[in-house]
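Chain naming follows the written order as A, B, C, D, E and F, and within any one chain the residues start at number 1.
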């Protein structure tokens, strides 16, 4: 029997949306106020969902305490109270949109999980905007 | 890489559930207090989810500002503070259940999106009841 | 020792905001789209808060099961799935704004409670707009 | 046209996580404070999602009032204010993890639904931990 | 200038409501299913609110990191994943109603805070039932 | 009859907590990771609460559409997608803690309201941390 276990986490960060290869004017036209060179920020709400077989002995797909710890070590320690553009190496040349942050989180967590487990990342940039990525 | 971008929106409306081809008694038996001829109403919470490739230059599947504007023009302007039965043409002969409202929203938004994008509509009629429709 | 016990409840209703003594034009200028003669509606979220001494034998200010029942009988049965303007006598000549609905709820519940208990009504008309009334 | 209708429900229960075939020490190592022999408890939030064709006459996949009643009779009456380990027969020899509770709920509800309807169970054990099961 | 700083926390626990001096029948009549001798449980959501002067040098009423730590040490360590009746000494002869739990939390935290600070405890026993206590 | 009308709003911003008159070390000791010189950020949720007499002709304490507009012009336009330290003049020499942001919002809105109305500001810096200020 296969089930999906999800764990919510949280980090606060500053960011700026822009494409380094574009002029300020083009960035302004595409990213608007998100292109503020002084940065703005968000409380990112993260949901990490892991799908796999329910272990018959434990009744767990994955121990949520292990999942919580993994998110803390790999994601919260790297992203929380950080400036994503300046302090998170993955965004040195990658625009930190919600879509790209979700991809980076997926790529950081996937190799740490048993290969038989599927992974899906849901990331709320604001309570009204969120994205989902599952490695496709 | 494919991701899903979701945007939440909101509209308030009055409605009445009934089938015009049925007697009042049959409508009452099937729709109960939702068949009140004087109408009742809801704060509908809408989630519009768009799935597609992440654009390499922008980092967006779709600019959420464009999606927000599209929902305002196509859905909020047409439904907000309206009586769905009396003032929204799509429900002249279609019962405005949550399922049917989701279908109507899907059909209004789909042609406005790039054909390569998939669309899913989630509609909360109350905080405890919601529906999902994705064109199947 | 005094504490406050709160219970959340919920009702859906249609309403229209207008002053019967005003012209349609004046109502339109003041109430805008809320003056739609075909009505619109909301999921009202209600919080009933009762303050009083903690009973030493039960550990209760008021048994929340009794409070829940009182709200069902006095408020939900009267307001849920109703058109407030047409079907709730208190609004025959009273504009059903959130403020006035809170006052009506207060006035219906207060006499049903032990006189030593204080009462406060919080009413969400939408997730973003709410009012509070406590008999002052 | 196929849509999914979801209904939220709620029950409070006590439980203890452990494997009867293991020593207390092994249970402690695997389940930590969840292995407390005096039990702890949760407010479980349940979402029952039913997928099927929208009926052309009613506009419903399933009448949500019927779904609500089914959840009350089959799940809330059996689980609410209960000790899952001691009072719910399905957990006599099954560890009441969120995964296993979701499977039990699925197995109780599935035979009560029209065979053409698909079922998915989402169960929040806490606001931060939840599971999903759909019979795979 | 005086402001109020609030911090949310969370603990899960089992409990049973009853008065040791009453017969089982009387307890059953008053506490109903909450009197289940096998216990039931809740995810308690706690809001600790501290009111005082804003310090001119820090801009804080109280450092929320200190408040978070205080709640972890005094409340979460004592209550989380516990059976309140059997494992929390304050409830040995005090019925663990939400009102009484709020009073106990207030009494544990108040002496740990600067005497100039006012304290208010809000405790959600379920998402629909909550209590408030501020030492009156 | 007096009631309180509340309106929720939202802005995203970057900030850094520090006291310009202190060494980096002292700031680090007091503000920890909030003192990151590259900034971090939040989705601030704002509740503006206005208390006053219910107008007999309108049934309003204040028209919530006017309150919404006032918050947009005075607060959202000034704070949203901004770096509070660098771009909001009130924080040039004032540490942008949640407490101080609430005071600044109060001071910006109070003179725009009828003098007979009382004002209270509630500001969520994260879903778990919030402050309240009402001019005392």
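General observations
We take it that contacts are C-beta pairs under 8 Å (C-beta built on N, C-alpha and C of every residue); 3 or more make two chains touch, one makes a residue touch a chain.
Predicted model only: the values in this text are computed from it and were never measured.
Chains that count as touching both subunit B and subunit C, per the definition above, do not exist in this structure.
Between subunit A and subunit C, the least number of touch steps comes to 2. The pairing of subunit C with subunit E is characterised as different-residue: of all residue numbers used at this interface, under half are used by both copies. Legend: contact pairs of B-C compared by residue number with C-E, A-F or E-F; the interface matching in over half of them is A-F.
Using the average of C-alpha coordinates as each chain's centre, D ends up farthest from subunit F. Distance from the subunit D centre to the subunit E centre is 28 Å, each centre being the mean of its Cα atoms. Chain centres here are Cα averages; for subunit D and subunit F they lie 41 Å apart.
Among the residues of subunit D, those touching two or more other chains are numbered 127. An unclassified topology is adopted by the chain contact network, corresponding to no line, ring, star or complete arrangement. All chain pairs that count as touching, in label order, are A-B, A-D, A-F, B-C, B-D, C-E, C-F, D-E, E-F.
Residues of subunit E that touch subunit F in their complex: 1-9, 49, 54, 57-61, 63-65.
On the subunit A side of its complex with subunit B, the touching residues are 17, 19, 30, 32, 94-100, 102-103, 127-133, 136.
Those residues of subunit E that touch subunit D in the complex are listed here as 10, 12-15, 33-34, 36, 38-43, 45, 80-83, 86-87, 126-127.
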